[in-house]
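A, B and C are the chain letters, set down in written order, and residue numbers restart from 1 in every chain.
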């Protein structure tokens, strides 16, 4: 049983879903672990991780619009405003999604379904550089 | 330290919570691992995993009704409609719940609380066959 | 590769976010594991785990207010009422957040970002004693 760990940095262009399959899967492939457990951890409270359909881009559009609605950018609703009107909704959207994902590995690959894509969900309006820790355990 | 992995298939009857404790716990028991980590992964973007009360069936009814309300089936709200009016809400409900669960194991059993049941949450209107990967690590 | 496991009990004072970094991190430090995987599991269906900003206390206030709004305490909405008007909303808020968290460990510490705090989110109105299982795997 061995372990591997790294940190990848994802540049975002403001709010929205950024596909991260490519850097994650290529790092996993390099570790030469067949069966095991892959864990991703997003080190921020205003960006999160999401697994979603990677086929029709409209799904992404609807997801982004939905989170705008469910945790709206409306300063009158929040006490916390000192980091900008998009900050508190960003925390709420993070709370409703995930900071971490743990996915089994089989045959050297995460067992994602055909349509499951890995995304970093940027919740702030401005571009950011986000750190995602990748941890792999197995043999 | 050893690993075990399998895939179980859950038949759903359309929208709703399907208890999956039985197949999960019986597979875990067969692996003869005392202390470790159990990970479940649902390989779909329109069905998810949920841990909820397994005592009063009304809780299940209310949970199902709640997700109908919070991510409603209303085509006028979504761009993505080509897979049917229930597909986009299914993606949203998946995003608000979980694709994966990781639960410690003690004494050969997941450390679930007395009232914690494991459910597959089917979000599509039609019956589906859903794959859930089970991964166990420990000794 | 070794494992360690314990259960911590968190006393809550009714609804709200209770910081749990201190008991979690001090137990982790005692295990002398450098690289690995830390898993927390909350053994209840009306309390959950949340990772959120630990800097401005207003964030916590807004998070608590938000979950009051999104899954309101309104008996007319729910069938399940026999455990009190705060019970069904507690289940919904648990469903929208997490029962478990899995965080990689580096240099003997969870790889939390600077502003990421670990919280137990009590969803019931009355004080409770909540069990959180901690599991550590690594070397």
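Basically, a residue touches a chain if its C-beta (ideal position, glycine included) is under 8 Å from a C-beta of that chain, and two chains touch if they have at least 3 such contacts.
This one's a predicted model, so the numbers in the text were calculated from it and none came from an experiment.
**Student:** Please state whether the interface between chain A and chain C is built from the same residues or different ones, using more than half shared residue numbers as the mark of same.
**Tutor:** different
**Student:** When the CA atoms of chain B are placed over those of chain C, what is the turn angle between 0 and 180 degrees, to the nearest 5?
**Tutor:** Between chain B and chain C, the superposition angle is 120 degrees.
**Student:** Could you put a whole-Å number on the gap between the CA centroids of chain A and chain C?
**Tutor:** 20
**Student:** Where in chain B do residues touch two or more of the other chains?
**Tutor:** 1, 37, 70, 96, 98, 102, 137
**Student:** What part of chain A is in contact with chain B in the complex they form?
**Tutor:** Residues in contact with chain B: 1, 35-37, 50-53, 56, 58-59, 61-63, 66, 70, 96-98, 101-104, 106, 111-113, 115-116, 137-139.
**Student:** So in the complex, the part of chain B that touches chain A is made up of which residues?
**Tutor:** 1, 3, 5, 37, 39, 41, 43-45, 70-71, 77-80, 82-83, 88, 91-92, 94-96, 98-100, 102, 131, 133, 135, 137
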